[in-house]
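Shared chain: chain A. Partners: chain B in the first complex, chain C in the second.
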Partner chain A sequence: MSAIGAKPAAGAAVDTTAMVVGIIILLLVIGATYYLFGSGLAFMALIGIIIGGVLIGFGVHFVPVGGAPAAMGQAPGIATGVAMLAAGAGLAGLFGGAWAAEMGVVVATITGAIGGGLMMAITCMFVNFIYVFGMGIPSASGKVTKDPITGDTQPEFKSQGTEGHGLPFVSYVGGVIGGLFGGAGGTLIYLVLLDLYEEELPAMMNALPAQIVPIAVALAGMFAIGMFLVNAVLAAYNITGTIEGPHDPKFKRFPRAVVASAVASAICGIVAIMIVAV
Partner chain B sequence: MTVKVEKIEGGIPHTTIMIAGLIASLVFLYLTYANVIMGTEYFAFFGGLATVAALIWGSHTIKHLCSYGIGTGVPSAGMIAFGSGVIAMLFATKYGIAAPIVAVVLAAVIGLILGYLANNVLNMRIPVMIQSLVEMAIIGALVLMGYAAMMTGSFELTSLTTGNVQILGLSLPSYQASFLGGALIATAFMLGAIAIQHPFNACLGPNWTQDRMLMLAAECGFLSMITAAIMSMPLISMSAALVSLFVAIIGWYYTYAKYIELSKRDAAAWLESKPIPDVEGH
Partner chain C sequence: MESIVFGIGITALAGALATVAGAAENTESDIGSQGDPNSQVQLAPQMGYIHRIFNKAVAGEPPAYGLWIALGAGIAWAFMAMQINPILAIVLGSGIAVFVQGVYATTAYLGRTASLAKFGQPVYVDILKSMTTVTMAHAFVAIFATVTLCHLINAALGHPFPLPLLGIVWGIALGAAGSATGNPFYGKERQYQNQKFGAGVPIAASGNIVRYAEAGERNSLDNGWFSAKLGGPASGVCFGLIVFLELWRTVLFEEIGAGWGAIIIGIIIILVFTVIDRYIEVWARKNYGPYTKPAEEASS
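On to the complex of A and B.
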């Protein structure tokens, strides 16, 4: 068995004890934040970070990830790993949303979502372009017999010995939805942290609010990128390899990733808050 | 149940590399503190050496983890290392001289929780998962702290956030010309994240050899150190930055030559071709 052929056998089973332990850690962190900082900006920041993290962890499951098999035309999806794709979509969204940061949470989050979705839409389009016109393979899903959205039949286009290939319509739509979720989540984390740092840093560093803007932006951006990557990789570990999109049976594993993302975001979030509040 | 697909045969055991990497990295980080004691910036290059030590350890940790076939690609391990490491490192810089120790402890706690989430909540069931993610978070924090110490001469939050700008001969404090305010940390993040995942990604396979991968890790570390030395020029004195650059180039050349030598040793056959072939009749 080669290193590439070995698939980890992390099944779809849910470890209830571990889930409960995870939820208890989450509640402890939320409780500790409330106890330490009260119900002010810091607490709201933590809640925002957890929501953003869950959006990222959930969104990654929509993205059609093909990995190395897709590059050889033996599996459907975009031919790279989950972490790279999610980072691309999320950071594109984060940069988009950061431009709109002054226009309020709602506008900025939606802008971030559109940035992420747009990036995935363009990626998916050119991936299909190269598959169809460059490699000469039709798009066919290996997991379903009919495309859930268009109703097109799939098996007659699927080559023997492959798990499907190309990027069927439902995978394309899944990619765009994943980009929307990822971009919105990343932007939300950035916005709540930026608000908190712009409020707390002037007093902590004994400087004018206008002076600390570069520090606040860099700190919030860096923490947002860090949390984004942590959540994206945890979701990737949940998928273990490739996924076709929302119609893939692996998609049903998302409750585990939601719990894991919430706990991981809470842990990273309380550290990010303590840098100014302790 | 997971199948371990590659064994580490012979060579240095992982525990030895881990302990050596941790101690070397911490010692080099504390050597940069000589800057504060002696009021100079010439010891900044020790920060770069700390990153090289941590990166060598990190590439072996990735080998240790990814030999179980985690199914998500090797780069994802580097990304989670720095994603969790940056959070621990930034918080730890608040603690002055204790910063490297605080970073190691906090990164271990974050890594432990992430490892538990990956192994139990996400049901990965990989025996070395928790230990590896703890190590990865510590490595991420130490590498970033090494770059911070190298580019600014110190690992304290005040010196990471405050720089100086020369305007008409006057030296004015500026938050924008700093490691954090100028977002040099984002570049340091990627320099480290790519250097940590590349060695195993490039050397994996049936003819993987430990010394070749570790030499490539050192080479990647010194290559990143060259870039970091150039980026340190606006933040520390030019002569101190040139010392860092000199050390980085010497280290890079030595490790690169050794790596090519080891690659030729492991190759079945090789042909010495020139980068641009001479065309006859010209």
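On to the complex of A and C.
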């Protein structure tokens, strides 16, 4: 089929066949891990990685990203790429979460989430600061007539010939929520991999547990960053360009990204597990 | 007590370094037209507007800075492992990373501009010579400050990540904060200075960037001068606050309630910024007013 004959903008439609195939691959990878390594730490690590990946993929959809048009005040959102901004927030969260790793999974994951949310809160506030005080432009959404949270009307604040600009309050909240999910997901992946590596590496490398810590931390950190980028980029493909936040019609596409992130995380995860557990 | 005071001192120093890094990063990217405003610099010749703006977009700012800072941090880390003094090691690492940035900037300008040959856009060798070094100088400041803060976080505050890993984490965060804050100021306010103040650029005006300065043709040094007035410092304060508050809440409050102290303080900080953001939004709506009459009220 030529490009002209193709369905216009696959958009929000959920391709059931692709979803079923994705879920089957996911179950196969989970089954293979269970078959190879049993229900021990490696299996739990895979489950943690899948949950973390899904959190990241889902969270990216909340982040209001306007891309190049936002840099000219032609569209609402933050003037940068989806994957990049989500990565910036999520990795700032991972930084905090990794620092709190010895406090336990729950505290560390929440610390990571707050780190991501904090980064996004400050960044989103500065976006509005620049728009309002640097460029004299108020925030306006191009996708809804009223802000779903504050009820502020939007269309009359859109300047002529643009789709809107700045970050309406709902987009700000979306950005913070996206940071929270991203930070939590990245940290969770790091924590489960760190546990696994600290358990398996001493025997594998014939060294004391204390000697293995720097290698385990570095390996888990690298895999966490890598998987973060995989999931953020996948979600960015799903969004195709720009999104205003949770009120944007594109947000409804998230089920596809959730399945895709789960599959991608499972496949990346089994590789990360096999380097120590085989 | 002494360790807390030491921790706060390091936190403040890291925050100050991050502020410098953010300001330098944004000014560097604006001189090089990296980040999203690059689309207009690339588009202008295609619409018939030949210009002398430097155009060195290698990648988006976050991955580009992730690369350069991880590179600087990695080389510095290797030098430190060879028992070289940390300050010298960081300077050497940043210097080598800056040369990589310079190579990328040169090839990006030549490649991107040469691709516009069919639209009549020349490759200006004088622009290449005078702008590349300026972006390299700014990049050095950004890379050196960020690698230093990563070293402080690792060596003085005891973060478990090794230096290169911290470099990639904070490099991507630096690029994300700098591009989010600084891009609109350069993209709208400087490139489209001929459009009305206080309104977005109409989509129909895309590509018609300002190409003339007070005397002669505008080049990217003029743009750097302009960005350094607000976009750069605002990006610096943004990144500085991110680093400072993230470290501050951890250093001071992590011990309280087995980690919950830092979480609660984090939530409070997020709420404070949410209130500030809402205040700014409402302030703008009240003081600037709508562009047109509200549709619903007019009809009722």
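Of note:
Rule of thumb we're sticking to: the second predicted complex is superposed on the first by the 268 of 278 C-alpha atoms of A that agree within 3 Å, B and C clash if a C-alpha of one lies under 4 Å from a C-alpha of the other, contacts with A are read in each partner's own complex, and residues count from 1 in each chain.
Here, a contact is a pair of C-beta atoms (placed from the backbone, for glycine too) under 8 Å apart; a residue touches a chain by one contact, two chains touch by 3 or more.
Owing to the predicted nature of the structure, the values given are computational and were not obtained by experimental measurement.
Applying the stated clash criterion after superposition on chain A shows that chain B and chain C collide.
Residue contacts after overlaying the shared chain place A:S139 against chain C, while chain B stays out of touching range. By the document's definition of touching, of the two partners only chain B reaches A:L219; chain C does not.
Touch criterion met: A:G67 reaches chain B and chain C at once. In the superposed model, A:V263 makes contact with chain B only, not with chain C. After overlaying the two complexes on the shared chain, residue contacts for A:I114 are found with chain C alone; chain B is out of touch. Of the two partner chains placed by the overlay, chain B and chain C both lie in contact with A:A87. Residue contacts after overlaying the shared chain place A:C124 against chain C, while chain B stays out of touching range. The larger set of touched chain A residues comes from C, when the choice is between chain B and chain C. When both complexes are aligned on chain A, the segment of chain B among 4-12, 76-84 or 202-210 whose C-alpha atoms clash with chain C is 202-210.
Within chain A, the residues touched by chain B in the first complex and by chain C in the second are 67, 80-81, 84, 87, 214, 217-218, 221-222, 225.
By the touch rule above, chain C contacts chain A in their complex via residues 35-40, 60-63, 159-162, 165-166, 168-170, 172-173, 175-177, 179-189, 191-192, 197-206, 230-231, 234-235, 237-238, 241-242, 245-246, 249-250, 254, 258-260, 262-263, 266-267, 269-270, 273-274, 276-278, 280-281, 283-285, 288, 290-296. On the chain A side of its complex with chain B, the touching residues are 1-3, 6-11, 13-15, 17-19, 21-22, 25, 67, 80-84, 87, 205, 207, 211-212, 214-215, 217-219, 221-223, 225-230, 232-234, 236-241, 256-257, 259-260, 263-264, 267-268, 271-272, 274-275, 278.
Those residues of chain A lying in contact with chain C across their complex are 67-74, 78-81, 84-85, 87-89, 91-92, 94-96, 98-101, 103-104, 107-108, 110-111, 114-115, 117-119, 121-139, 150, 152-153, 155-169, 172-173, 176, 213-214, 217-218, 221-222, 225.
Of all the residues in chain B, the ones that touch chain A in their complex are 1-3, 5-6, 66-73, 75-77, 79-80, 82-88, 90-91, 94, 106, 110, 113-114, 116-118, 120-126, 161, 175-176, 178, 180-183, 185-186, 189, 204-205.
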